[in-house]
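Down below are the structures I want you to see.
Two complexes follow with chain A in common, the first pairing it with chain B and the second with chain C.
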Partner chain A sequence: MTTPRLEIKNIIAGYGAGLVLKGVNLELQTGEVMCLIGPNGAGKSTVLKTVSGLLPPREGQILLDGEDITGQTPKANLRRGVVHVPQERSLFPGMTLWDNLLMGGYLIRDRKLILSRIEEAAHLFPIIRERQKEHAGSLSGGEQKQVELARTLLFDPKLILLDEPSIGLDPKSRRLVFDAINGLAKAGRTILLVEQNARSGLAASDKGAVLETGVVRIVGKASDLLENPEVAKLYLGAAGKNTTVKAVSEKAKEGRS
Partner chain B sequence: MHVLIQGLIMGVLTGGVYALMASGQTLIFGVMKVVNLAQGAFVIASAYLTFSLFTQFGIDPFVSILITTPLMFGIGMLAHWVFLRPLRKEDAVELSILVTFALALLVEGLLSVTYRTTYRSINNTYSNKAFLLGDGFSIPYVRLYGFFISIALLLVLYFVLQKTKFGRAIRATVQNPQSATLLGVDSTRVKAYGFGLGIATSAASGSIFGLLYPFNSGSHYDLISRLLSVVILGGLGSIGGAVFAGILIGVVSSVAAVVWSPTWSEMTFFIVLLLVLLFRPQGMFGRLERGAA
Partner chain C sequence: MKLSTEPTKLVTRNGLIRGGVFIALLAALPGIFPQHWLWNLMFFTILYATMAVSWNYIGGFGGYPSLGHAAFFGIGAYTEALFFKTDHVLHSGYEPFFMLPVIGLICALLAIPIGMVAMRTRADVFAIVTITLLFVTQTLAFNLRNLTGGAQGAAVVQPKFDVKFFELPFYYTAAIMLLFAFALSYYYSKSKIGLSLTAIRADEDKAKGVGVRTLQVKVIAFSTSVAFTGMAGATWAFYIGFIYPQFAVDPLITITMVLMTFLGGRATLWGPVLGAVILMPAQQLLAYYVGGSQLYLLAYAAIFLITILLLPRGILPTVTNKRRLKALALKSVAAKASDPLAEGQSA
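Moving on to the complex of A and B:
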């Protein structure tokens, strides 16, 4: 049996006195794309932060290719190939695209290697070649996300953590971003994705997980989740606010009994 | 008209030095979001150091920049490590105003003990010499050299920030600290280097300041208020803005001095500051914070 690329074992984490994650367990094989969905405040972004090292967990274990990386700094994890693209715009708006890409290779000493990786990334994201002299702040939201994704490739990443890549984008830009994610997936990258636009996120993924109030409620094949009536009702179509899979399940049980 | 043009020339030459001084101040704000009230004190400390190097060892004040700048870079890094780094992250911006003011008082105290409070000035062989340009315009050598050295140092600063990996890391930290951290930038180290670089930049201008004006340990009060005026006019955190504003205020105050009186020259800094705060609070090259009124 192969060692999973990422194992998250019973992670408990939070901010200040509050707990956000209350025992999260997830597993991701090399080359897989997993989409985390759930309501606001469920702890989806916090999962990514604990993996990248932005938020050290209070309990539990995180393994990358079997190596314990729990509580390591973002820099240490970056050296291992864990790249986190946060929800907020992460480009440097006053810098050119070229300088933004060079910042992606900040930890790499070999300039030739940086240039060759930029060249490789340009095959998947031609925008970084076409508009390299422009300031990042002049790009549209979708274009900026494309550059952010291209920049992750400079690390030759083992694991890409994407937090709400389509948030705040118009439909055309969203399509660009999901095309880019599909491109990364086809290139064999392992991706853990958090996405409010659950249908698009799951469609681009192999696996899916539903997170509610800091706990994983459902995990399985993305295609199964897309067909799951409870998930469909809550996250893929019209549903009442503040409803959870757990609540729907309990209501269904009550109805059956 | 002759007097006006003479004032204009002197203003540009003096403004270049203010531009260098203010670049250090605004760099520190950009990297750390710290309004460093000790910046003027470090400029005066550098002027005293230049004074000592000249009177004790006969080192030319312009040459002494090669000594004062790296030395003050080290002192700036040490000051960051001792006074600013320990501040709690949540309160760092507010507390840093008090801490840097305390640091200014500390530097002033040390200078007072070492040099007494009498005014000092650096007078070398060319201090009072000038040459005539065109239709009888007098150009003092110290101001001319000071201007060109300031511009040269600003170009070095520009090169460091724009063309080096270290400069890119500083700019990245200024623009998006979290993203810079996620790309492997050690923001604590960058802030320390940024603070050191900001102090070093101002220290270089301190050597020139010592040649241009008499100074004592308390001169930093006047200087910091001028520096803040320049930095706010240019836009907090904008080095290009600081350069433009430094030269602009230099020109306006110099022209005011020759057209009206030196008293009005002193006032121009604050009149400009008042006008900026009223009509363009983000400064000429600054951006409004999101959510600000």
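Moving on to the complex of A and C:
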């Protein structure tokens, strides 16, 4: 059996005196996309923060390709290939798209390597080529998110952590973002995604997990979660829409394989 | 569209041509205009251009509006006065010029601890901290009489240059300093330091988030910036020959270099030079017509207000932006003309 890309073993973490994660266990194979869903305050974003190193866990273990990275700094994890894209806009609005990309690879010393990776990212995200000299602030929310996703490729990431990438976006921009996530998945990237828009998130994923009050309640194939009546009732709105969503999900998977 | 590889090229053909013309112009100007009063004006213009270009490292690229640079101008001036008192025997007369790099280094080293403290504050607080530094330095210049001569002032030994060409060694020294300051500005604009400074100006917290060592970068920019200001102060002291605290550590020096940078365009390569070329002759002209009544200060205020109102980004960025918008508009007209469907759709 191959070593999972990411293993989260019984993680307990929180802020101050309060505990948010109370024993989270998750496993993600190389090239898989997993979507974490759940109500507000369930600890979805906290899972991402513990993996990237922004929040050291109090107990438990995080393994990346079998290597223990528990409690490592965000910088050290970034060098290992763990890239965290936060919920907030992380581009510099007053800088050009090109400079924003260079800033994404700030810790990489080899200039040629940065350029070759930008070239690689431009294949997946044509916006880089088309709008390279424009200020990031002049791009729409969806386009900015695309650039943020493109920027992750500068680290040739082993694992991309996406925190609510579609938050605050209109349907058209949301579609752009999920197309971009599908693009990353097709390129074989491993992604752990947190999404309030559970329907779109699961449709773009191979696996799904439902987090409630700091523990994983359900974990399984994303397509199974989309059909699960309990999940549909609590997180997907009306159960009757499942057929359409499943069709979208299957289409995304077909495109990837 | 091809991906830009421009940021990797430190020297471009166009850059070399522009640089060559700039150097040739600096070298030829005194020959083209051989009058003494013009040499004097050119010396001050180039000296202030050096200060404006170097202020731009931290105030323009980094977005930290230092108002304390005149303190280092004064420190440079008094260091020169201490090294070359009137009893000092000059041989060639050029010795004080050779001391300039040492004075720059002293100012840069002094700026490191100051910068490390001051750079922990941002924006308006930073401006207040740096202006406080200026007044503290001025007070020290008045009170450390053994070192500075206090209100009585301090004399600097004078060289025995031929009176026909007295201004020229000062002018060329200032021109060399400007070239070095400009080269460093160019390097910053093309290098990782420049990128880091731009990111700091845009959003310092995000810059920290992507791995920029913000304090280190800011202190590098600040200390290299004041090194040139200190050297300019030393050159000025040697030229003037006698310095007083109220003129050597004068807030007006800072205001002038800031205004030049704002007028020409902050965070641009040529903006501060353009600002100096416009403002310094204008100041001399105003001083000539309205005498020593310092009414030109009112003109400064007016220029500052007009710049903020009409050209908030300065002359060069405004012109560049207008040209870019015009090119975009032309491009869109051309695209519409070549697309037969566009007309049909709009009809």
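Quick note on the criterion: the second predicted complex is superposed on the first by the 237 of 257 C-alpha atoms of A that agree within 3 Å, B and C clash if a C-alpha of one lies under 4 Å from a C-alpha of the other, contacts with A are read in each partner's own complex, and residues count from 1 in each chain.
Rule of thumb we're sticking to: a residue touches a chain if its C-beta (ideal position, glycine included) is under 8 Å from a C-beta of that chain, and two chains touch if they have at least 3 such contacts.
The structure displayed is predicted, hence computed values, not measured ones.
Aligning the two structures on chain A places chain B and chain C in a clash.
Look at A:W98: by the touch rule set out above, it reaches chain C but stays clear of chain B. Using the contact criterion defined above for the overlaid structures, shared-chain residue A:I128 touches chain C, although it does not reach chain B.
Of the two partner chains placed around the shared chain by superposition, chain B and chain C are both touched by A:L107.
Of the two partner chains placed around the shared chain by superposition, chain B and chain C are both touched by A:S90. Looking at the shared chain after the overlay, A:N228 reaches neither chain B nor chain C.
Of the two partner chains placed by superposition, A:Q146 touches none, neither chain B nor chain C.
In the superposition on chain A, A:S166 makes contact with neither chain B nor chain C. When the two complexes are overlaid on their common chain A, residue A:K75 makes contact with chain B and with chain C alike.
Of 22-30, 58-66, 166-174 or 310-318, the chain C stretch that intrudes into chain B once chain A is superposed is 58-66 (criterion: clashing C-alpha atoms). Residues 75, 78, 90, 92-95, 99, 102-104, 106-107 of chain A contact both chain B in one complex and chain C in the other. Taken in their complex, chain B has these residues touching chain A: 165, 168-169, 171-172, 175-176, 178-186. Taken in their complex, chain A has these residues touching chain B: 52, 54, 74-75, 78-79, 83-86, 88-95, 99, 102-104, 106-107, 151. Of all residues in chain C, only 1-5, 7-8, 192, 195-196, 198-199, 201-203, 206-207, 209-212 touch chain A in the complex they form. Residue ranges of chain A in contact with chain C, taken from their complex: 75, 78, 90, 92-95, 98-99, 102-104, 106-107, 111, 115, 118-119, 122, 128-130, 132-133.
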